[in-house]
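Note that subunit A is present in both complexes that follow, paired respectively with subunit B and with subunit C.
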Partner chain A sequence: MPNIDQITTTLSAKLVLILDSDPEIISSIPISDVKEELFEIGIDPQPLVGAIGLSGQSVKDSDLQTTADVSWETKELLRAANEEVFEDGVDNELTKGLASLFERYNDGLINELTYLLLYKEINEEIASEILRWLGRLDDPSSQHDRLFLLEECLRNSSTRIRDAASVGLASLDDAHAIPFLQQAIQQEQCVELREDMEQVLAQLEATRRCHSS
Partner chain B sequence: MPSIEPNVKEAIESTNWEDIIPRLVLFARARLYQAGWRGKSVGLPNQTFKEPGDYVHEAIKSFLDGDWKWDPNRVSLFKFLCGVISSLISDDVNNRSEVKSLDVSIDEISSQEDSDRWQLDSQSSGLDFAIQREEILNRLRNDPLASRIAELILDSGLYKSSELAYALGIGVEQVHNAKRRMRRALTTWRREHKVQ
Partner chain C sequence: MPLILRKIRKAKWYKGGGVPWLAENDLQADALGDLLTKGNRLSIYLVDDEYTNLEQIVTALAANCDYISDFDFALFNEEALQNINIKLESTEGDTPDATVNSWHGDLVELTADKVIALATVIWTRAEKRRFLSKRILELVVKAVASQQIDRARLKKGLMEKIDPLIISPEAEQ
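Presenting the complex of A and B:
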């Protein structure tokens, strides 16, 4: 029987191929990653560009996202934020930087932050600041994705992050989060945070009543 | 280049082909694989098997020759060419699956180019699949939406974003975003394993 690393890699490779059959997914992969993956499987696309007689131009296909840029810039911003001291309710370099990145990348930034918060270890204080910022952000088009991330972060193992997610949800004021908050309250061990969550829940229930009346 | 609309010409000229072509190759590779994975066989002997790059070449050439009409106002050139590639592969799959004596699956073809990666496809037992599946879901455990989508792809064969969105009762864009995270998580994971 093959070892577990081998077989898992195999099925994950299949799954990646299945995902790659969707142009929406392929178009969002950083081009450096695309080239690296092709190189790994022994394909060099460069001769193809030459064979077809097309030279690369500076303008990008409008559909291709600049994922590499947003990834790099977000990482740089978070790295710089390690030096920062955050104060409640006061704008800081991190939130200013996030606002600036959002102006340029919109959903690209939200996707990047979602990936980093769900899959990577981020300093708790920085993660909390990001979650509070996501809650405050006034942008209806990214509401679903921000809501999703904040709801998921209610289950985080860090009390601080759960607290920030709850604050973010209060700012977002979307009744969709009610069942997620109810579940989080049931499981919350920290009494103070549980009480805060109950206040947020009461606010969202009031919002729901307001919308339904 | 044949006579084409000025706006199409302008769009072609302003396209970054060095960016698009590698993506198209990756897409063609995935579609070729998928043609086998969905239960159809390409049914070609190795000597006549077309590489992903061949399909990209054929798609772009035939597009530039005016065989395919593209409306830049409706769809991006990248997506349009993905559609052309899909169509070319689909034609080949449908035509060649009739040649039963030459029935070679995509997995078997792939195993010859990368035996480590693909050999298990034909040999793995249900238990192997279950172990692999659990490992993948474990990797995605902090991202329940991506995890659920992976389950649907692996268990139910649903893979189109619209189908997944319907099954999950969410928007298509949410599915796209979750798929993007999943892909990134899985490729990062595979690279880490390789390094180890």
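Presenting the complex of A and C:
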């Protein structure tokens, strides 16, 4: 039987799905702050039950069950990852597990990770590894959602998470991220991270020039 | 005098890196995760002081991985090892590039104090650099095409990524 926390997580993930699928709602929300916008339209993002009702969509039991499954399995994977040591270029149990969950749940996993990374506290080493994996995932259908999450994480309070988001964007190599990186560079206080972001920006600008020529 | 190259994750080594509880002159403990010893030894590569073999070493190390990724590393003068009494032993490397393997060495007889001294050297004196994954991919593809890298030694996932991108020298002509 799921506990309150799991139910909250499930409903939260479902909200992300609904917002994603409803252009009217999503287009009215500035990419910079979904949470703030929810408060503005009278929805408390914590309980979320009311939000689902407000969306006017019915939520099928099977959808909720799938969301609960992916939520539970992702949390278990993240819990196990606490003991792992990560190295660039080297497979690990976390990324193997994420790849396996993605095969089964696809967007469901991306939504769950979006929720966890934006609204829950995750160990920054694990969060960084997830962002790097999201950046190199070869799946055009989820590119938009991954891009959104990586761009959002450029504003995270942790330098390591901001760096991982920037590296993930370099892997995606999508010029859409250019204004987000420019803004992140302007605001970045850590000199070394700023230089690393500038390297990513230079790559994306070269990609854009390449595509436009 | 050659430079010592050690693979790291740069973000753990940022100075004043936005960790609220960390004092300005403190290095976060996670950085030591980049200096995990085995048998009290640590693997390094020797880069000449003109950096002429740097790309070749980075390419070989990246080609030894499971997948293409960005590659972060620290470079510092070999002299720094003498200052902290760390011995360097020349040993054969384990990359798919035989030449690069000859530039491999181990830092040996390491104690916990010496690892911390080494971390301090990397943090305060090393040049820390990053090759982004896009560039790594280009370098590995080029090295495999020119047979500088032994393709047969690539891991399966990497081989599947590289193979479609390789244009043989014959095809280029």
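Here is the rule we go by: the second predicted complex is superposed on the first by the 148 of 213 C-alpha atoms of A that agree within 3 Å, B and C clash if a C-alpha of one lies under 4 Å from a C-alpha of the other, contacts with A are read in each partner's own complex, and residues count from 1 in each chain.
The rule is short, and it goes like this: a contact is a pair of C-beta atoms (placed from the backbone, for glycine too) under 8 Å apart; a residue touches a chain by one contact, two chains touch by 3 or more.
These figures come from a predicted structure and were not determined experimentally.
Engineer: On subunit A, which partner's contacts cover more residues, subunit B's or subunit C's?
Structural biologist: B
Engineer: Return first, second, both or neither, reflecting whether A:Q203 touches subunit B, subunit C, both chains, or no partner chain.
Structural biologist: In the superposition, A:Q203 touches subunit C alone.
Engineer: If you stack the two complexes on chain A, which partner ends up touching A:T114: first (subunit B), second (subunit C), both, or neither?
Structural biologist: In the superposition, A:T114 touches subunit B alone.
Engineer: Applying the touch criterion given at the start, work out whether A:L193 contacts subunit B, subunit C, both or neither, answering first, second, both or neither.
Structural biologist: Touch partner of A:L193: subunit C, not subunit B.
Engineer: Considering only the touch criterion stated at the top, classify A:E125 as touching first (subunit B), second (subunit C), both, or neither.
Structural biologist: Second partner only.
Engineer: Using the superposition on chain A described above, determine whether A:R136 touches subunit B (first), subunit C (second), both, or neither.
Structural biologist: After superposing on A, A:R136 lies in contact with subunit C but is clear of subunit B.
Engineer: Output check: A:G89 vs subunit B and subunit C. Expected answer is one of first, second, both, neither. What do you get?
Structural biologist: Only subunit C is touched by A:G89; subunit B is not.
Engineer: Identify the partner contact of A:P179: answer first if only subunit B is touched, second if only subunit C is, both if each is, neither if none is.
Structural biologist: neither
Engineer: Where does A:E152 make contact in the superposed view: on subunit B (first), on subunit C (second), on both, or on neither?
Structural biologist: Touch status of A:E152: first partner only.
Engineer: Which subunit A residues lie in the overlap of the subunit B contact set and the subunit C contact set?
Structural biologist: none
Engineer: Which residues of subunit A touch subunit B once you look at their complex with the stated criterion?
Structural biologist: 1-2, 4-29, 31, 33-35, 37-38, 41-43, 45, 48-49, 51-52, 54-64, 107, 111, 114-115, 118-119, 144-145, 148, 152
Engineer: Quick one: in the complex, what on subunit B touches subunit A?
Structural biologist: These residues of subunit B touch subunit A: 13-23, 25-27, 29-31, 33-34, 37, 51-53, 56-57, 60-61, 64, 76-79, 82, 113-114, 116-118, 120-121, 124, 128-129, 131-133, 135-136, 139, 142-145, 150, 153-154, 159-161, 170-171, 173-174, 176-177, 179-190, 193-194, 196.
Engineer: Write out the stretch or stretches of subunit C touching subunit A in their complex.
Structural biologist: 7, 9-19, 30, 33, 36, 62, 65-72, 128, 130, 132-134, 157
Engineer: In their complex, what parts of subunit A are in touch with subunit C?
Structural biologist: Going by the criterion above, the answer is residues 85-91, 125, 128, 132, 136, 157-160, 163-164, 167, 170-171, 173, 189-193, 196, 199-200, 203.
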